[in-house]
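Both complexes shown next keep chain A, but they swap its partner, so chain B is in the first and chain C is in the second.
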Partner chain A sequence: MTRDEFVERLGELLACLPADQVEESKEFYAEAIADRMEDGMSEEEAVAAVGSPQAVAEAILDDLPAVPRAIAKTRRKGNAVLWALAILGSPLWIVLALGFAAVAVMVYISIWVLAACVWIITAGLGAVGAAAFVLATTGIAIGHVPFVLAMTGVGFAFIGATLLLGAGAWAVTKQIARLSVLWVKKALSPFRKDRGRTSGGTGGSLSAEPHAGGNAASDGPAHFAVASTLN
Partner chain B sequence: MTSAKKTYFAVSGGLVALGIVLAALGFLVSGFDPNVFAAQIDMRDDSIVLGGVEVDDPTGIFPLEQIAQLGEIDVSAPSAPEAPSAPSAPGEGE
Partner chain C sequence: MEAQMKRGFLEACVLAAVSGEESYGYRIVKDVPASMGLTESTLYPLLKRLEKAGCITVRSAEHNGRLRKYYRITEAGRTRIDEFLAEWPSVQEIYRYVEGARS
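Moving on, here comes the complex of A and B:
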């Protein structure tokens, strides 16, 4: 099989994917085969080393997130099947999608409410400290020395505690910000691929790097590493 | 830990320590009277008690004067209106 035949067949097998994604995959594998040919392989050997178009296409589809994969695999059976399932299954999938979205949003809000609680406690301590200082001034006005000392002490102690808790609240907020980002990624994972995650997870790479001077695992399409493990 | 952070924590801890010392001193000077930490402003009967000492005239003392001018704020729940009397049955004349 020649490189053009491989690429054409791959395009046919990936017709269920968006056109730009198909083009990206075709270009990538054409370049991978070309790089192997530059390394001294014959065209047939280079094509054979990449794998069969069917195996590569399956690997690309299997590497998609759950929802796009299900849509793509259903579309392969025909657009009519996809539409029929979408319409007939709408009472189920719309409810499930709304439920999923509601849970995802609620968990996200809950994460930030936790941060808000820490800051509210901090602000409360600060307010108590400020109120204690105000009361200390009233103590001066009425000439009640022990009360002035006690309230000044309470004011300093609470303001100091506010500063300490503020540092803790800032650290907690940073961790919560990271947690919320992780949650968003997790919530979107069935729909969207996290490109940064794919390079290290599968561990495979082609011997001939498709991009001159580049790293095959990090520069190539997300599915590249998975496809290469088939070799 | 950076020096700025160290300074921040040192200042915070110093404030807490200073506060505890001053509060303990106030408690000591008051003769170990726990009321020294209490402040009560009750506008229902115009009583203002700060650290166990009643303030008779809050005029000129911020913010007691301003609070006194607010007057009493009723925060109790409104009372329910009286239920109407049940109508008498037909034929049951008075």
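Moving on, here comes the complex of A and C:
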């Protein structure tokens, strides 16, 4: 097989990918073969050393995330097959896709409802505090000193509780924002490639302290090796 | 070699191969230790991944009347090499443990 034949065959096998990606792959392998020939191999040897176009195409497609990979591999058998499958399978995949989307959205909403609850309780406490102060002023109006003192005390107590809980709610909200980002990433992972290691890790940080790390031993030896694949 | 471990090693090897002067595909394949069994079909996705993660930069330059792509490490890539090297003590610890359990 000549270099041109190899590149052309590779282009055919990758036809399911966007044109710029196909072009980039073809250039990369054309360069690899040209460099081997410059290194003293014959064209035939150089092409053989790079591997079969099938194996090369397979390696490129295998690096795609699950959903685009499935689409690409089906499309390779022809667009007609993909459409036939898409239409015949629609009662199944539409329902599954809707279910998947519904669950994803519900989990996202639940996460935020949790945050909203904490804020509502905080607001409730604040309202009680404010009401106590209003009652205290009515006490001033009727000149009942013990009532005024009691109500002012109650007001301060509730406002204090509100501030404390507010600080907690703020912290909780920040954590929840992080959680929801993780969840969105997880939900999109079959469609999107995100292998280039997100710092801080993904799975582990769900339960981890805000400032994990520092502890080299618990970070584990295989961290480098595993991190790049986990995602 | 176990797949995930190998992936980490390969990544570190490729980063090391472009950490001096810039290098190109075939030279990286030749430079990386043969025991890694690096081929173009492994290298290509790996380079793209490293580029996306900002660990290497790519430029095209003319060579013998054709374009060749040259890769060079970035600061982020050097940091990743450092992280890889920092794991050596714990790898050794595991090695000693496994070795010790054998006898």
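The criterion applied here is as follows: the second predicted complex is superposed on the first by the 151 of 231 C-alpha atoms of A that agree within 3 Å, B and C clash if a C-alpha of one lies under 4 Å from a C-alpha of the other, contacts with A are read in each partner's own complex, and residues count from 1 in each chain.
Going forward, contacts are C-beta pairs under 8 Å (C-beta built on N, C-alpha and C of every residue); 3 or more make two chains touch, one makes a residue touch a chain.
What you see is a predicted model; the values in this text were computed from it and never measured.
**Student:** Could you say whether A:D39 touches chain B, chain C, both of them, or neither, answering first, second, both or neither?
**Tutor:** second
**Student:** Regarding the shared-chain residue A:V172, is it in contact with chain B (first), chain C (second), both, or neither?
**Tutor:** A:V172 contacts neither chain B nor chain C.
**Student:** Quick check for you: in the superposed arrangement, does A:A104 touch first (chain B), second (chain C), both or neither?
**Tutor:** neither
**Student:** Would you sort A:P146 into first (chain B), second (chain C), both or neither based on which partner it touches?
**Tutor:** A:P146: touches chain B, not chain C.
**Student:** For A:E31, is the partner it touches chain B (first), chain C (second), both, or none of the two (neither)?
**Tutor:** Second partner only, chain C.
**Student:** Quick one: is A:D63 in contact with chain B, with chain C, with both, or with neither? Answer first, second, both or neither.
**Tutor:** Second partner only.
**Student:** Which partner does A:A55 contact after superposing on A: first (chain B), second (chain C), both, neither?
**Tutor:** Once the two structures are laid over each other on A, A:A55 reaches chain C alone.
**Student:** Quick check: in the complex, which residue numbers of chain A touch chain B?
**Tutor:** 134-135, 137-139, 141-142, 144-161, 163-164, 167
**Student:** Which part of chain B faces chain A closely enough to touch in the complex?
**Tutor:** Those residues of chain B that touch chain A are 5, 8-9, 11-27, 29-30, 33, 36-37, 39, 50-53, 55, 60-64.
**Student:** How about chain C: which of its residues touch chain A in the complex?
**Tutor:** Touch residues, chain C against chain A: 3-9, 11-12, 24-27, 29, 39-42, 44-45, 48-50, 52-55, 64, 66-69, 80, 83-84, 86-87, 90-91, 93-94.
**Student:** Which of the residues in chain A end up touching chain C in this complex?
**Tutor:** Its residues touching chain C are 25, 27-29, 31-32, 34-36, 38-39, 50-51, 55-56, 59-60, 63, 195-197, 216-217, 220-229.
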